[in-house]
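Input: a single structure, listed below in structure tokens.
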Amino acid sequence: MNYLMRRLATFPLVLLGVSILVFVAIRMVPGDSITAMLGTEAGLLTPAQRDSLAAYFGIDQPWFVQYWRWIGGILHGNLGISVTYGRPALDVILERFPLTLELAVLSMVIALAAGMPAGIYAATHNEKLSDLGVRIFAMIGQSTPSFVLGLLIIYTLSAGFGVLPAMGEFAPLWQDPLRNLSQLMLPAITLGFAFAASVTRISRSAMLDVLSDDYVRTARSKGASARSVIWRHALPNALIPVVTLSGIEFGYLLGGAVIVEQIYALPGLGRMVLDAIQQRDYALVQGSVLFIALNFMIVNLLVDLAYVALDPRIRLGES
Amino acid sequence: MTPLLSVSNLRVGFGRNPQANEVVRGISFDLADGETLAIVGESGSGKSVTALSINRLIDFGGGRITGGAMTLKRADGSLFDLMSATEPQLTGIRGAEIGMIFQEPMTSLNPVLTIGWQIEESFRLHRGLTGRQATAAAKDALDRVRIPDAARRLKYTPNQLSGGMLQRVMIAIALACNPRLLIADEPTTALDVTVQAQIMALLAELKRETGMSMIFITHDIGLVAGIADKVMVMQNGQAVEQGELNQILDNARHPYTQHLLQDVPHFTNGGTTRSDGRRDKGASHEPALKVDGLVVRFPLRSNFFSRATGAVHAVDGVDFDLMQGETLAIVGESGSGKSTTARAVLGLVRSTRGSFSVGARKASTKSALPVQMVFQNPYASLNPRLSIESILAEPVVATGGRVDAGTRARMASLLERVGLSKNSLERYPHEFSGGQRQRLCIARALMLNPSVVVLDEAVSALDVSVQAKVLELLVDLQREFGLAYLFISHDMAVVERIAHRIAVIYAGQIVEIGDATSVLSKPKHSYTKKLIAAVPTIDRRHEHFELDTRQVPSLVRPQGYEPAPARWEQFGGDHMARVEV
Amino acid sequence: MRILRAIFGHGSGRIGGVIVGVYLTVAILGMLGLTPHNPITQYRVDRLHSPNGAYWMGTDLFGRDVASRLMAGVGQSFTVAFFSVAFASLAGTVLGLAAAWLGRRWDGIVMRIMDVLLAFPAILLALLIVTVAGPGTWTSVVAIGIVYTPIFTRVVRGPALSLKAREFVDAARTFGSSSSYIVTRHLLLNLVAPLTVQVTLALAWSLLTEAGLSFLGLGTQPPAASLGLMLSDSRNLMETAPWLMIFPGLTIMISILGFNLLGDALRDILDPRMRRTPA
């Protein structure tokens, strides 16, 4: 059976699991939702008022009924009302998401643009001093947490040059692209640095593996030049693990945005999730976690599509 | 006249200190225009390294040429020094003047590029063809290697073609620009014997058409007879003997060449079958193993939800019996169902239908599991993390026995019996060679004192001279313990040495079965004839193999399909063949 | 102890081994309270002291000794890393072996559940768990453990499936060896090498995730010392007291580097591809 068909068939299944997990997790928060929602004022309610509130929010129903209603709401674009913002959670999420997405995509572009050439360079200069340099740099990069790097960058700028990263009012991409990019550049580098190191390492090892494959020898036996061997024969094969890594890392980037947005005080979805957790705004936590997971799943589906385009063995249904 | 290629005192080493680590130690030969040189040797002889040194591909494989001289006469008659050539000069030679094909066609083509692109590349590189011209040239190249429906196949990727087809594509690539030298490095080793015959026939024909020279690397001296003009025999990085084909095959001087010619199994059309332990026609013993109407099918599902729409009929009605002390060889090509039959007998795959009965052995030596198995790959059939003692103890433990003094004594005596020292018990599999590991597997199979041993391609992964010794051991053990062997193999030469009876299996069904001499010398079924005709022998010099492009039929059948019942024709006492429709 | 010798014969293994060794010592000292000063005692008169003889790495806003707090923090981080990786590797090995050995339906169920867990970015799943259970050391252990369980499951399942298809497993079946014998002797024993590599690398991720959680204030709670929290607190004092940022930052980085180097070295040493005998 076709790989892509199988992949598509499991998508709704996994999505169902994800939604149940998020739903159940939030239900497991200690204390009932009314207390959570109203805080100390909940103590002033009479039992009758409590019951009617419970009935109003539907939390007097068994969990599967609640889940069914919740899921039904989501399918109609209703993620519930955010207590802190007093607005539909989906509106808040959609407002914050573009920044986080842009940050993740920008980090990924930076990581791939820096990591792949470095990895390929190192692989083709295997065991030379320059290869060692790239490897050491990648090893250190991979071991540098974004929050350490972010603080180092801010410290260097402020102590060394007496400037702070361009912050202030955040400019959306479509209003002031230049300002937007200048604001996002440092956060994106912070977020993408470790990823760039991983890309370097995996492209190097994939390239080395591929260069010792039989078909590369065949290409050489035809008289293909060193450059053609690397770019035409080896690279398409070496790209496959890089694509896999990119799919997985995109999730880390979405997650890592929580930290980087915090450091650079960016009004993105990650920082909002963190605030929502502290404010116990469960509708917002639930909604945004689900939203991010869905996006991650879609990215992974796209990665699988890229696979299919890259590798005919997968396209034709071999496992 | 200057030779096309002249190699003198070639030395090649590996690693950081190539001088100290030489695997080719002073090889010299000349190759004239249109001549074919066969280089014969076992693994580790340095034959492949020699081949890869000629077009300097060895530079990319971690090797370094440490000494000697190599000169190629170019098309314009000028001499080209292969030793001092720069890499850009060499890329102009590779593919244009020297083509090469390799052992593994499955991995030698780029999996993500179409075969059309991969053929066109040669024309782009050396002829400067692009676009439609290149495509047309690629189609011609495929036609030339007799691939039907070439225009459509250009768009295929390698995974859509069989091994034999891929090797033809490789030949098409190697010969695209009419090189005057083709290096073929074990080009048929990974292929079935009938496919091997097709590739050999194709190479011979193309050689005649183009007048190119060829260097043919092989471990099989039998294969040399059909194609070579000159032969060089290599051992441990040195040429122990070289000369004209007939001189080497008929009057070998070096003991190693004589060993390769005499001790190693070569096919002789039933001339060297065993004379011992033939089936006694009169007596009617109870068979050690009887298989009746064995059917193994693997259901196919069209998609995620639906029920089976058809099945792969891997084994489709196989019956045979096996007497004590007798070897029945099941011979067939890949996908014929021979290994599935063996695995079904052991219960490793579930049989769809059919019955087995295992005859009682002498009452004194009752065994918990009367059928045991030895597998093909000696490197995969022993757990690398267990000591030999644990490995030999496993069958005893599994059948509820205890590892006591008696068991240890049995281990020691079996080790000694298969030719390994007693102190092997504390060692680990990686400390043993392939042949020794296969001996360990045999010892393990004998731990439970079985009456039947299934040998699934048990010597196929071994070097030819090791093969001969393991076969000898198997024959000795059979006599000593009265074992019955079910010997699964694709190799007619090996089968000839060990079988009393032979069953030829094709597309999941036995097509011919009977006394070994009779089947090999007087084959009756057309498939058996084809199979035997494809086997290379030392005696068939410069004989052209027939080019046969028929494909093995698909084993996928619709749901509920049942094959027609077999009709058999009897030829003498113990020889029958399926009647062909 | 052949493996130790191999590690110290390997370039990056030597560096990684030394780093990990030093950290382990520091972590144990930190956990036992054998620090130069009490990590939570506030020496009010010595607030924001730059590094000197008495306070090797200076003091923080409350006059607490940074070096002692770092030692306690390393102890804390290593405790979380150790237990969470133990959890993840144990759960992952059991699930991965079960999926590979039982096959079919069980394989499907286990791997779909892992897919669900993998659908969340790691830190987000950890955040969700922390939200439910409330921040704290043991919540971090469970959260990080759950986050890395699917990775171990995959690491075990893949090779277990290929081992299951090896001929020595077929041979074991022909003898009638029990499932438990095959799973432990033929599968698990051969998985020790890849698991060792994975555990080492997972310790690096786990340290990273723990520091990240406590940086966000969702890990170890004050006044207990933790590296992430120290770093987070240093932000407002960056210019006046850079040592508050530099030392915890370097401590985290070098600990992760140590495990990454060691993991790489182990992969080189134990990788079956390097030792594969040509067939």
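In order of appearance the chains are A, B and C, and numbering begins at 1 in each one.
Definition applied: contacts are C-beta pairs under 8 Å (C-beta built on N, C-alpha and C of every residue); 3 or more make two chains touch, one makes a residue touch a chain.
What you are looking at is a predicted structure, and each value in this text was computed from that prediction instead of being measured.
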Using the touch rule stated at the top, which two chains are linked by the largest number of C-beta contacts? A-C
Most distant chain from chain A by Cα centroid: B
Nearest whole angstrom, what separates the Cα centre of chain A from the Cα centre of chain C? 21
Return the distance between the CA-based centres of chain B and chain C, expressed in whole Å. 48
For chain C, jot down the residues that touch at least 2 other chains. none
Contact set on chain A toward chain C in their complex: 10, 13-15, 17-18, 21-22, 25-26, 28-30, 139-140, 142-145, 147-148, 151-152, 154-155, 158-159, 251-256, 258-259, 262-263, 273-274, 277, 285, 289, 292-293, 296-297, 300
In the complex, the residues of chain C that touch chain A are 12, 112-113, 115-124, 127-132, 134, 204, 208, 211-212, 215-216, 218, 228, 231-232, 234-235, 238-239, 242, 245, 249, 252-254, 256-257, 260-261, 264
Under the touch definition given earlier, write down the residues of chain B that touch chain C in their complex. 43, 343, 346-348, 369, 371-373, 375-377, 379-386, 390, 394-395, 397-399, 430, 434, 441, 444, 448, 461
Sort out for me which residues of chain A touch chain B in the complex. 1, 5-6, 9, 211, 213-226, 232-233, 236-237, 310-313, 316, 318
What part of chain C is in contact with chain B in the complex they form? 166-168, 170-178, 181, 185-186, 189-190, 192, 275, 277-279
